[in-house]
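These are the structures in question, set out in turn.
In the two complexes that follow, subunit A is the common piece, with subunit B as its partner first and subunit C second.
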Partner chain A sequence: MNDSYKKLAKPYEIWLYILALFPSLIMLVLVFLDTEGINFTDASFTFGNFSQLTESSTIIAFGNSLKFALLSTVLSAILGYFVAYRLFRSKFKNKFLILTILILPMWSNILLRIEALGNVMQPNNIITDLLSKIGIHVAIDIKGSSLAVLIGLVFTYLPFMILPIYTALEKIEPSLEEASLDLGATQLKTFWKVIFPLSTKGIVTGSIMVFLPCLSGFAIPEILGSGNIVLIGNVIDQFFRNMNYNIGALLALFIMILILGAIFLVQKVDKEGETLL
Partner chain B sequence: MVKCKIIFLTFTIFLCCSVLSGCNGSNTLLLLNWGEYINDEVVEEFEEKYNCVVNISIADSNELFYSKIKSGTTVYDLVVPSDYMVQKMVENDLLESLDFSKLPHYDRNNLLPGVQRIMRLMNENSPKNIDYSSYFVPYFWGTWGIMYNKNKEGLEESLNAYGWDAYFDRSKLPKGTKVGMYNSIMHSYAAVMCRNHLPFNEEKDEYISLCYDQLKAMQFDEWGTDTMKKSIAAGNLDLAFVWTGDCLDMLYSTLEDGTSYEDISFDIYIPHDTIAFMDNLVMTKAARHKELAYQFIDFMLETEHAKENASVVGYCTPYKSSYQSIVEYEGEEVWDNDWAYAVSKYYPYYEDESLYQGTPLSFFSKDYMTEITNMINNVKTGSN
Partner chain C sequence: MEQKHYEVATLKEYGYKDYHILQTIFKIFGRILVAFIVMMLYFSIFIIFLQSINSSKSVTHFEHFTLKWYLEMFDNRQMRLAIQHTLIISASATLISTVLGTIIAVGINSLEKKKRQRILLLNNIPLLNADIVTGISLMLVFSCLLPIFPYLFGWKTLLIAHMFFTLPYVILSVLPKLREIDPNLLDAALDLGVKPRRALFKVIVPAVKAGIFSGALLAFTMSFDDFVVSYYTTGNGFDNLSIWIYGSIGRNSLTPAVYSFNTMITIITVLFLLTVHGFQTRRMKKNGKM
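So, the complex of A and B:
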């Protein structure tokens, strides 16, 4: 690549150093210290923070994070594949329009969307109000349950699954499919032997993109779980909130290592990085 | 290439410096406040009068106030911490002792008896014999209470009959009552202490296990923050421990929507043993605009300004003169009449300070806070 173009990336690189690398290093230092906030004047060296990792609430919260992240990834993959495949097969000319509609909810703020969703999950809300005026009395009351959190996670991150799968499907050479059909394979067999294996890249990329935010997120479980469902992100949030930056940093770094591992996995699968949108 | 790197480095440092130092003009007052906790019109008035800019930053916990002041990345002139955090800041030498001669509108006799009581309690529960009152000027004060849904049959009666025990014991509540706890570790800990008439300022392991048992036994339906007031008003939640000001905030907005007092579906029960708090204007030791800060504090102390300021915040003004001007309103304005009624009902005036409710929180050691945090998480995750 032309050297002068490389310079254009410099501002972002600097940005990255200041706002990502430098804070991570500070976090690494904080893990081994006992400080008051992020003030290093009265800091003392300690390994004591690590005992937090064996605390039963930390382990359960971490287990919850893994459980919700895995479940929502699997659900999103199944639902997302159907949508992407349907779109890929459709004869509709303006597929771009449909893709736009799919990402349309993302144009409004995520917290607003989640709050709104939470509202609908309670027995008294604007919809039940309107329905009761015409004599229909239906209401669901699932806010605060695991189901509510799962719905919220899938609802939020599904587009991140659809887009990479759709891109992977679109990239499949049509002649491969024709060849398979010509050689006598049935539609179903063609799908399982040709189309699906060629689209797994999209599923993997999409899975990573759904799994990571689900693993580290805390806003969705906090709101839709009514504070009853504790994920590791909530524990980190609590420690930072109460000025214990040492334990907060330790747990956050722990998650970061997992995330880096996952990104490493993506790179293994997708060397050119072409399906990463 | 080396040259290029140097240029980028200088640029970066310059950028950092300019970001960190922020607006540092001599006529800019940096105020660190809670969200929605000041009347912007009063601030504008001040800006016009003194030809300056008031730059307000927001933080949502006392602990954040503390770490922002201590780290000193931005040098704030004024902060609005609560009672226990003022104590901690004073003890860590972060606050300027105020020169009251520069605050002609400050008169200690003009403070409500309840405010004077909190000031006394602050000095009493400190082990170090410091007179904290020379470091702050009261800004707002109030209590915590149990907000409830009036439409839930039998709920009001059990609250009046059992008080705290109703909040912590489902057998004393009507069937199917949905109960919410405030999602702040300090306040949920303090709620249990209130119920058991135990002090807030002692650190004991037995208190932690007591908290664990009682919070767990209650199986709260929700651990929320300021959204709980809306849930109660909408009938999605029946009972919650919240700031009294939260309830009043909801009350005012419901009244503004045209609902009459009789039709309001919620109310608040304030037990005698509860949390009381007082937020205060304090000046940081590092403040760069001290003169302007004094002018600002004094401006906010004027009866009319304190009253205007209280009109947008659901909490109670600490000054007798402003308080009287609010509750003794005799005009025709519906809003002013409602306001007068609400303030005299929920923040009643007593000459005898022992009739006032509530105790201010105290700060805990870091280890004790970690223990409380883990205890609350154990309650929520169901582990032990």
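So, the complex of A and C:
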């Protein structure tokens, strides 16, 4: 490529430094201060903010976050792999249509979708009402439970798992599979020894795409958990809303460190960001 | 002469195990599971649709079919404003990010490997960082600018924030297409005396059109639906639809008009995608590729 294009990336690098790296520095400073919002005029130096990390409410919220994020990642990895594999195996090779089917739900407002899901999780809802008109009486009451939050998380973020796995499966050379079958491996063995190892890249990317929003989200647990289930995102949101930027920044940095770890993992598996989209 | 009928050897006799029945069961089970999952993905949209044609405001019982919410879609002033804001912000953020993102991707693509990897690492931050951390980070930067620009918070911050998280999508969609371009193509253009800037628009951009298009689509999807980042970066009454919905859910005052708006958007999207798809297949047939 032509050298004169190199300078085109420079402004973006500066933009990223200002908007992506500089705020972490601000947060790092805020952690050691006791300020009123972002007003630095009568700031005082303190280590007191760190005691929040050992507070039981933080630990519970963080444990909840990890639990829900891990569970929904594992669940959506299993379900997502299955769907991606079936799509890959089907004669249905129209990638455009597959993408459309998976992306279309994302065009509806996520909060509305969650709210609608929450409505149906209550014992009296529009579905039970319609069913009772034709004489079927059912009632489910799971709103406010962990199960409700888990269902909400899995079915909101599942497309992010299916897409990278499907992309990874598509990229596998078909002759590899034929070779394996020709050489006498059974289909199951071919899957475990050839197909699955070659698709792990997609699973890793997909898992990160699901794990991260589940770990830090606060709208889904708030709506589906009816306030019973507090995740770390809700705690951070509370602190910032109450203008306690110092503790909020500390917890946000804590999450950010976890995420940086994940980003490095992605970089290791996928140096040029190929499967991310 | 009488034809002799030999028995066909089964797989078992060849020394293989016969997994035929197991495979069929697995296939049927797989189809059911896939259908169930796709249904679950669309379940909430179906509920929203049901709520949008319900004449009662209540979400717990269905009175009778009506289309009145579709007619009253823009009657609620707050909601109308929120929709306007959402459309303006996501359309302009998508447009700017698509143009700039394409140019930046060309720049990144021409960098040396080390530098390229560093910038792509930074580029992953807005993509992978928690929404809440991105939102708070941007809010902190904007707050630092407040003493210089006192009325910063509002559409300006919202636009910058949306550009911040849509640019990486465009860049990552365009980059792989750039790598597929034959480098001789650009060299030929330059040899023939085209200025690099002109070559960018005459040679490179047409070659990566598909990547630009999918990048723009992703950017718009992300921007249109964003809640968390917008929630932290907007100011004084410049709500987008998500923020308005979040507030209304909190106050328990959601009007069914918003369900009809959402359903309408879904229907428009489906129609739009089907048209695009129709054009694509027709063109492919014309070119004899199918």
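Just so it is clear, the second predicted complex is superposed on the first by the 254 of 277 C-alpha atoms of A that agree within 3 Å, B and C clash if a C-alpha of one lies under 4 Å from a C-alpha of the other, contacts with A are read in each partner's own complex, and residues count from 1 in each chain.
Just so it is clear, contacts are C-beta pairs under 8 Å (C-beta built on N, C-alpha and C of every residue); 3 or more make two chains touch, one makes a residue touch a chain.
These numbers were taken from a predicted model, which means no experiment stands behind them.
In the superposition on chain A, contact of A:A252 is made with subunit C only, not with subunit B. When the two structures are aligned on the shared chain, A:I142 is found in touch with neither subunit B nor subunit C.
When the two complexes are overlaid on their common chain A, residue A:Q238 makes contact with subunit B while staying clear of subunit C. Once the two complexes are overlaid on the shared chain, A:I98 sits clear of subunit B and of subunit C alike.
Legend: residue contacts after superposition of the two complexes on their common chain; A:N125 is shown touching both subunit B and subunit C. Of the two partner chains, subunit B is the only one that A:E55 touches; subunit C does not reach it. Shared-chain residue A:L198: touches no atom of subunit B or subunit C. For subunit A, the partner that touches more of its residues is C, with subunit B and subunit C as the two candidates. Contacts of A:Y12 after superposition: subunit C is touched, whereas subunit B is not reached.
Shared contact residues of subunit A, touching subunit B in one structure and subunit C in the other: 7, 10, 17-18, 37-38, 115, 122, 124-125, 245. Chain contact summary for the complex, subunit B toward subunit A: residues 4, 8, 11-12, 16, 61, 63-64, 66-67, 70-71, 180, 183, 185-186, 220-224, 227, 231, 234-236, 366, 369-370, 373-374, 376-378, 380-384. Across the complex, subunit A is touched by residues 16-17, 19, 23, 30-31, 33-34, 37-38, 40-45, 47-48, 50-51, 54, 59-62, 100, 103-104, 106-111, 116-117, 119-133, 136-138, 140-141, 143-144, 146, 160, 164, 167, 169, 172-173, 175-176, 183, 186, 190, 196, 199-200, 218, 221, 224-225, 227-228, 232, 241-242, 245-246, 249, 254, 258-259, 262, 265-266, 269-270, 273, 277, 280 of subunit C. Note for the complex: subunit A touches subunit B at residues 7, 10, 14, 17-18, 34, 36-39, 52, 55-61, 64, 115, 122-125, 143-144, 226-230, 235, 238-239, 241-245, 247. Those residues of subunit A lying in contact with subunit C across their complex are 1-13, 15-24, 26-27, 30, 37-38, 79, 82-83, 86-87, 96-97, 100-117, 119-120, 122, 124-127, 129-130, 133, 155, 158-159, 186-188, 208-209, 212-213, 215-219, 223, 233, 236-237, 240, 245, 248-249, 252, 255-256, 259, 262-263, 266-267, 271-274, 276-277.
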